[in-house]
Amino acid sequence: MRQSWHERFCDSPDVLKSARCDQTVVPVLDAEIGGRDFITMAGPCSVETEFQLMATANHVRRAGARILRGGAFKPRSSPYAFQGHGLAGLQMLARCDVPMVAEYADILQIGTRNMENYTLLEAAARSGKPILLKRGMAATIADFLRSAQVILDNGNPNVILCERGIRTFETAMRNTFDVAAIVLLKQISHLPVIADPSHAAGCRELVPALARIAVAAGADGLLIEVHPNPEKAWSDADQTLNFTEFDDMMASLDPYIALRPQISPREMVSADVMEAVG
Amino acid sequence: MRQSWHERFCDSPDVLKSARCDQTVVPVLDAEIGGRDFITMAGPCSVETEFQLMATANHVRRAGARILRGGAFKPRSSPYAFQGHGLAGLQMLARCDVPMVAEYADILQIGTRNMENYTLLEAAARSGKPILLKRGMAATIADFLRSAQVILDNGNPNVILCERGIRTFETAMRNTFDVAAIVLLKQISHLPVIADPSHAAGCRELVPALARIAVAAGADGLLIEVHPNPEKAWSDADQTLNFTEFDDMMASLDPYIALRPQISPREMVSADVMEAVG
Amino acid sequence: MRQSWHERFCDSPDVLKSARCDQTVVPVLDAEIGGRDFITMAGPCSVETEFQLMATANHVRRAGARILRGGAFKPRSSPYAFQGHGLAGLQMLARCDVPMVAEYADILQIGTRNMENYTLLEAAARSGKPILLKRGMAATIADFLRSAQVILDNGNPNVILCERGIRTFETAMRNTFDVAAIVLLKQISHLPVIADPSHAAGCRELVPALARIAVAAGADGLLIEVHPNPEKAWSDADQTLNFTEFDDMMASLDPYIALRPQISPREMVSADVMEAVG
Amino acid sequence: MRQSWHERFCDSPDVLKSARCDQTVVPVLDAEIGGRDFITMAGPCSVETEFQLMATANHVRRAGARILRGGAFKPRSSPYAFQGHGLAGLQMLARCDVPMVAEYADILQIGTRNMENYTLLEAAARSGKPILLKRGMAATIADFLRSAQVILDNGNPNVILCERGIRTFETAMRNTFDVAAIVLLKQISHLPVIADPSHAAGCRELVPALARIAVAAGADGLLIEVHPNPEKAWSDADQTLNFTEFDDMMASLDPYIALRPQISPREMVSADVMEAVG
């Protein structure tokens, strides 16, 4: 590794590749993130109804997703964007906490807006669950790794890094997908790295191509927003794929996934990703 | 107000100026922020020792500061930058919470990294204390006002907005001081607006000029890092003024403060600003 | 000066303050930029008609401006924004060059989009005219000084630096006014520094406050867009002041200008600023 | 195409896909950019010696490159970075112009720093040569297309768009490679789009992966810096591949290129890309 990278990321020694650790594999039920398989996590932005969630789970499993994602409690950019909940939603947020989410989820997600909320990082780390850490909107790669280091320091080695786009002057897309960050992270860190093309793109037309790019970049997996009827989704409607679009995307990814060093098909795990709340 | 501003900030109707409210004045003990007086809050980045805090309090009071600031629990950019505490510091962070901080502080500060931590915003709002809300590093003005709106929605009208610089491509200063944001906020919002030139500059040579600029921009006050011996400060040493530098700065601000519409000298209030933790 | 600043700006040794030169004063006819007087340059974004230009010149002179600005040939963000010229405008642009502009102007302006057009910098330098160098939209302060150094290296010491806002994620204003850059430039460089609040703000409501801030920051002058009837201006209508607004702004600046170390009233010089074209 | 995209890019109607034109193919000698073949352009950042250029040309041709690139006259970020030329280099720059460069080159490159130099765009357009237009460091996609529209308006349909990274707060890489811009451009514009991973990465370790990503994004080609001995290159040494690295990269790209809709092997064309100078 370049000497300049050692210096740049010296705050986070334990997340860097070393003689001791070249690649962390995070076990989630019987799936492995960071291992031989490419892992797609898919599901709705927000959990709306049992029917919506089950229909999505059944569909994305058949299309090759291994992990179900669902935002149970969502501190979003606008707390008002989720029509119909208003204050009740915020009260709901405030009433639940990490242990409660951890009881129901197999992976805890630290959202973009909480990447440097160290209290939450520590509490999430101590839950013992795998942590999916999303990069902050203005977080440098050094900042991102520092937050991962905090989780490791709190005794939890199962950290999954997630690139989801950064905020720049360009507004044609929702965020600027920093795919070179995935490349760099895979070169310097032993932690698994996944990509969230849905939030990077902000519109469904671009999601399949960004997913394909993430595979080519060497990502270990994807986080994709899928909904039975995106037009009626309570949140992120514009960037959410419907079932047909998801199927098409998954099929289009196959030859790119096949170019990864190793591959072995496995069954989907009904693991749930939920966002931890501070 | 421009129609385009009404549209841009439509998520946050209650923070905008209206026939009902042109200016909020936040009472803190017997000081008023957003009122006729210009209010300087000064003190160390981190509370280190009783002596350090008392010496600073005594000095900045004599120099004209009205409110003492002190970071009791600091989720900083690097949790490792504060030498000597390490994990203990993080454990300390995790053990305390909003009610505990609120018991000792007269103003609760929501730090840059927590500006969109809605759980924390709600909890802080419910403490009933005045809330000093710092702008996030990549937060647009619309995002900033949205977080203020959340506090108002939770029944707390006493919000103080604080511009402290945003993250851009320019790295000569620690952050890019968005002074035009102060101007715009004063035109559109009834909430008091203060500036934190210490964090914007990142180095003490630039702090007095940025403070002067904030006064000229129409800010209602300042938040300044001061320490008896900055070279030995446990954090933010490079941007912290010593007593002489603080005195010189305060003297140099006087004629600019005098150009504000009204002014009346008052005594300092021994109010404390502490950072709320999520 | 900080050692880190010496390192950061080491590409541009001749623009930094030194024992040999603490402050450059650029003579323009009988005005001096960088000297004791604060110099306001004002005029229309585009030269439209002789009447428009003369009316503006007469008015801004009476209000205290010392130099008339007028865009004769304007490579703007959109070459199509200037209604009515279309291709003819572009042909006009291509037909003229630095010597032709230099014949009629007293100051040559290098526009934001040409800050790193070294061919143009050299040609402009060789005209012997004072050069008003506008900062590029994504130019760091180090980049900015490097372009100034190129002009100095080509034998022209009369460079005026102009901060006009940088491009960031914030879109509430046209650009992000980097006023701390003015402060830093005045500390490290001997070249005069002026501000262009019109382009930074992008809307006239914010121009007077940004002008006031520039004075407080220590700028040596201002560049302001003024038009007899901004609503009918061919370009930049939204950020252009009418005569009354300009008068009010100039009056409001007086006490801030008076706080500068020295001041002496002088007569206006009918110098023209025109944009050099590459 | 999304209605919002039509509005966003309405300044540049002729570069958008339409019933009349779905894809422009730019002929360069007997190669076609934007056609069925993926076109790699490779060569040194700066033309240093005849031996260096010939050795590189021979090698990259054998490895599959179709077009030779060589910076004859380079307005770079620092005019001083190119050791040994100093003022002479700048004088050289000022003495040559578009017709002179056009006489020797088969493609004229408009560099990042000149993307909005409309005088240069027009002059280059009128040369009749294909124009490789590099995106400006702070240029939005709308700005980028507007510059392409200017070239089309001047009677030259042969424009090749080149994404080379934008300037953001992240400094771990030289620029932030905006690969989603390639995806979006391929969806909305009929112009060929290529990528410059060398300048995006800024270090050779990341170049092959960024090249692979560009192929997956749907780019029509690549622009790669190659040198017989990068350590001794006069410019951009850190991001330049040596022959072995270039061979390895080209081999690794093959399966990704094969996944493009159509492919047909052809011989290399000894076309030259040179940078136009304003």
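When the chains are written out, they are named A, B, C and D in that same order, and each has its own residue count from 1.
Rule of thumb we're sticking to: contacts are C-beta pairs under 8 Å (C-beta built on N, C-alpha and C of every residue); 3 or more make two chains touch, one makes a residue touch a chain.
Model, not experiment: these values are computed from the prediction.
S.K.: Which chains contact both chain B and chain C?
M.R.: Looking at chain C and chain B together, the chains touching each of them are A, D.
S.K.: Compare the two sides of the chain A and chain B interface and say whether they are made mostly of the same residue numbers, over half shared, or of different ones.
M.R.: Chain A and chain B contact each other through largely matching residue numbers.
S.K.: Find the geometric centre of each of chain C and chain D from their Cα atoms only, then give the gap between the two centres in Å, rounded to an integer.
M.R.: Averaging C-alpha atoms per chain gives centres 33 Å apart.
S.K.: Using mean C-alpha positions as chain centres, tell me how far chain A is from chain C in Å, no decimals.
M.R.: 47
S.K.: Which positions in chain A are in touch with at least two other chains?
M.R.: Answer for chain A, listing residues that touch two or more other chains: 138, 167-169, 171.
S.K.: Per the contact definition, I'd like the list of chain D residues that touch chain C in the complex.
M.R.: Going by the criterion above, the answer is residues 11, 75, 77-80, 87, 90-91, 93-94, 113-114, 116-120, 122-123, 136-138, 143, 146, 150, 153-154, 167, 277-278.
S.K.: Report the residues of chain D in contact with chain A in the complex, numbered from low to high.
M.R.: 2, 5, 8, 138, 140-142, 166, 168-173, 176-181, 183-184, 187, 200-201, 203, 205-206, 209-210, 212-213, 215-218, 255-256, 259
S.K.: Where on chain A is chain C touching in the complex?
M.R.: Per the stated touch rule, the residues are 167-169, 171.
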